[in-house]
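By letter and in written order, the chains are A, B and C; residue numbering begins at 1 in each of them.
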Amino acid sequence: MNKRVVFRHRWLPYALLAPQLFITLIFFVWPASQALYQSLLIEDAFGLASEFVWFDNFIDLFADEHYLASFRTTIIFSVSVAGLSMSLSLLLAVMADRVIHGAMVYKTLLIWPYAVAPAVAGVLWFFMFNPTVGINAYVLHLLGYDWNHYLNGTDALILVIIAASWNLISYNFLFFLAGLQSIPRSLIEAAAIDGASPVKRFWTIVFPLLSPTTFFLLVVNSVFAFFNTFGIIHATTEGGPLQSTTILVYKVFNDGFIGLDLGGSAAQSVVLMAIVIALTVFQFRYIERKVEY
Amino acid sequence: MAGVQLKDVEKVYPNGFKAIHGIDVKVIDGEFLVLVGPSGCGKSTLLRMVAGLETVSGGEIRIGDRVVNDLEPMERNIAMVFQNYALYPHMSCYDNMAYGLRNRGVPKAEIAARVAETARILELEGLLDRRPNLLSGGQRQRVAMGRAIVRKPAVFLFDEPLSNLDAKLRVQMRIEIKRLQADLNTTSIYVTHDQVEAMTLGHRLMVLNGGNMEQLGTPIELYERPATTFVAEFIGSPSMNLLDARVSDDGAVVKLPDGESWTRADGGGRHAGRTVTLGVRPEHFDITGGDDGEAHLHVALVEHLGADTLIHGHIGDDRNALTVRLQGVVTARMGDVLPLRVAAKHLHLFDPETGKRLD
Amino acid sequence: MVENRPYLNVISHLIIIICIGIVMLPVWITFVASTHPIEALLTQPIPMWPGDRLFENYALVLTAGIADAGGVPVGVMMINSLIMALSITIGKIAISLIAAYAIVYFRFPFRMTCFWIIFMTLMLPVEVRILPTFKVVADLGMLNSYAGLSIPLIASATATFLFRQFFLTVPEELAEAARIDGAGPLKFFIDILMPLSRTNIAALFVILFIYGWNQYLWPLLITTEESFYTVVMGIQRMVNVSESLPVWHLVMATTILAMLPPVIVVVTMQRLFVKGLIETEK
């Protein structure tokens, strides 16, 4: 990251960096350190007294059945969202890569869900599946299934999984399509001359070459499912029914803001922070490999 | 207009690497000096130090009568032409040329006049409102020159300006640069690794090797009296042949290892009995035989270039391999043994240890 | 494709069209619902074709809002959203450009420290530091203000890295030529570097506008006064009305309005959008 030519100036570079650094320090680093600190304290309900308790909050946290359930929910949620969205997008990308005519139109018709806010995406599907007015609930009723995400936890979880997957489709589609288009034609042609059928070609040539893209999307999808889906949950199921859709970010918000459990919420924040850091490091190490690839 | 003077100039990088070892040179007003040497020899670094793009670690650089060591590039009244041209891609050719003048607060009308004048000299008139990406390589090169000329600086600095052009265009632009420099009579320092460019352009050449100045002189001086084996091999194509040899005890002849010998011009007995590196340019051999003593060339390969014939072979054993360049078409084939004569004035003697010329 | 089998092409088209249909369906249903009176939505199945209340419904939500959900006109919320989105976008681009410029073109003590501090923002999304950040904003008196809605979100490692990456591809000779032409650091930045960054800035603008417009958790924390509600978070109050059923036709009209601006931006600036998306992930 070094340039040969550099300007010499005593204070200008600091002045240029100041806005970014101030905002980062005040709104990112300081609150994060506060979260770290508070995760080691227990505060009474009125916020009058606090006691330093080392890792008690974390011990309590991982002994808490609700928290562990939330962890499980988050994992089911993330895996389902990544799986559903990525497989659909890959199918679409492969098909769009095949067709010569209309590829641009298809692309245009598929990219806009990215622009829809997760909360709005949630509301769209919330309405579709609404037990009283939703068209999907109606069709399911005709098929003999009484859908009710207000009462049935599984229904509610499926609802948010569908909404989140829908939200991610454009992103995954664009990256898969770019990945497919970067595979040299000659490789596919060589495989065809070697007598591989289209399906076989896909699984033996295309899919392995696409693996960097797939890994990358897996990380991005997980980050999205872990953190950016707060809006989907909050705008629709509000974590319910009976915590069946309480993913970790929703729980940290709920316990902190509604439940006012400062220490517990801070401990949850710290756990989430560790997850983001792990994912970021993973992502960056992966990108290093991508450069060499 | 001004000359450039370098006094014991040194460059040491922060990592301790010494790129330039004490260079002294005085470029007189209107002179065209070429810095030449292999890549990594420090020639570009030296030029960039004159430009003010690299700091000076030691010594003194003067432009005119000012010491410029600590001046910003813009304060040095220089202009530079870069290898990749470094044209501003988002500006038209006109703006590219005008930018430096505007930054110096030159009035609009004068800028317009000067750009028009420069464009006329460089035949760029029709291209002024185009962006660089719409120009050919040669045209970009010209705009880059125009950007330098329009400023009417005290010194032009050229950093391998022709190396991105194809061979034909390079010859053409070389001639144009020489003509322009003669017309404008502006002091110029020109960096190149191409010895033909160096020989044809420079009033004087400075040959650099590993940050040291090997020799400074006119092209003919460098060709006729190379100061070191490095210069001897670097200037001239094909390179000068360097042979292991010994001056006879009476100093009259140089002997090759297998006993064959050539007669020296000054039989004065200097370096008598000394082991030397003998340099002979390929074009200075003669195969007609004669009285100056002769050696025999065992022909290994013959290359016909039309105007010349190159004969590769060796004298005696394989150690003393050499190349001979003869005018016209010479019929010789592998395995032939030819008598090889050299006029005494074309024998160059070098110290085998230091590579320095022995006179 | 390598071989010419027409039936495969037909199947490909068919699969894509079906999938696009599924992807579009929720928006269609939403749009249809937003053009009917509430009565049409009370009996199953609800209509699948637009009704005649398009203008009435949209005019009503834009100017009056929904009474049960606080009665803030959606028009006001959209203006709030626009102000927030534009402030975040412009702010992020501005401070990232100059920060990247400092890091690439200057050498100064603590340069790498600054780089890593900026890098840390990547690892600290709002979601993991909700309470303490809220407290900082509250202490600074920035609750219920446009500054509070936008300033804490404008630090951006992604945008800084994008510009840094781009600056590193700008030939060094350009800066040298500018120095010889008498341009100082600021002049070089404004005259040369900014114009060269135009497409990157535009691409980033598209991505960041969407990011800004779609903020949800942040405005939820920062705004308690209804006059500062943004449209994306405002919908939530309409869906989750406690005492009565949601007024679906108006909620759906609001939903369409909430997604319209970013969708228009993406579709009309598709090329820049795709560029921005791919570049920011490098």
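To be clear about the criterion, a contact is a pair of C-beta atoms (placed from the backbone, for glycine too) under 8 Å apart; a residue touches a chain by one contact, two chains touch by 3 or more.
Only a predicted model underlies this, so the values are computations on that prediction, with no experimental measurement involved.
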{"item": "Pair joined by more contacting C-beta pairs (B-C or A-C)", "value": "A-C"}
{"item": "Furthest chain, CA centroid comparison against chain C", "value": "B"}
{"item": "Cα-centroid distance, chain B relative to chain C, in whole angstrom", "value": "59"}
{"item": "Geometric centre distance via CA averages, chain C-chain A, whole Å", "value": "16"}
{"item": "Overlap residues in chain A, where contacts from two or more other chains coincide", "value": "5"}
{"item": "Chain C residues counted as touching two or more neighbouring chains", "value": "176, 179"}
{"item": "Numbers and ranges of chain B residues touching at least 2 other chains", "value": "53"}
{"item": "In the complex with chain C, residue positions of chain B that touch it", "value": "48, 51-53, 72-74, 78-80, 82-90, 99-100, 103-104, 147"}
{"item": "Of chain A, residues touching chain C in the complex", "value": "1, 3-7, 9, 12-14, 16-17, 19-21, 23-32, 34-35, 38, 88, 91-92, 95-96, 98-99, 102, 106-120, 123-128, 130, 132-133, 135, 138, 141, 166, 169, 171, 174-175, 178, 188-189, 192, 198, 216, 220, 227, 230-231, 234-236, 238, 249, 252-253, 256-257, 262, 265-266, 269, 272-273, 276-277, 280, 287"}
{"item": "Chain B partner contacts - residues on chain C that touch it in the complex", "value": "171, 173-174, 176-183, 187, 191-192, 195-196, 198"}
{"item": "Of chain C, residues touching chain A in the complex", "value": "1-3, 8-9, 12-13, 15-16, 19-20, 23-27, 29-30, 33, 41-42, 44-46, 48, 94-96, 98-99, 101-108, 111, 114, 117-118, 120-125, 127-137, 151-152, 154-156, 160, 164, 167-168, 172, 175-176, 179, 184-186, 188, 210, 213-214, 216-217, 220-221, 232-233, 235-236, 239-240, 245, 248, 251-252, 255, 258-259, 262-263, 265-267, 270, 273-274, 277-278, 281-282"}
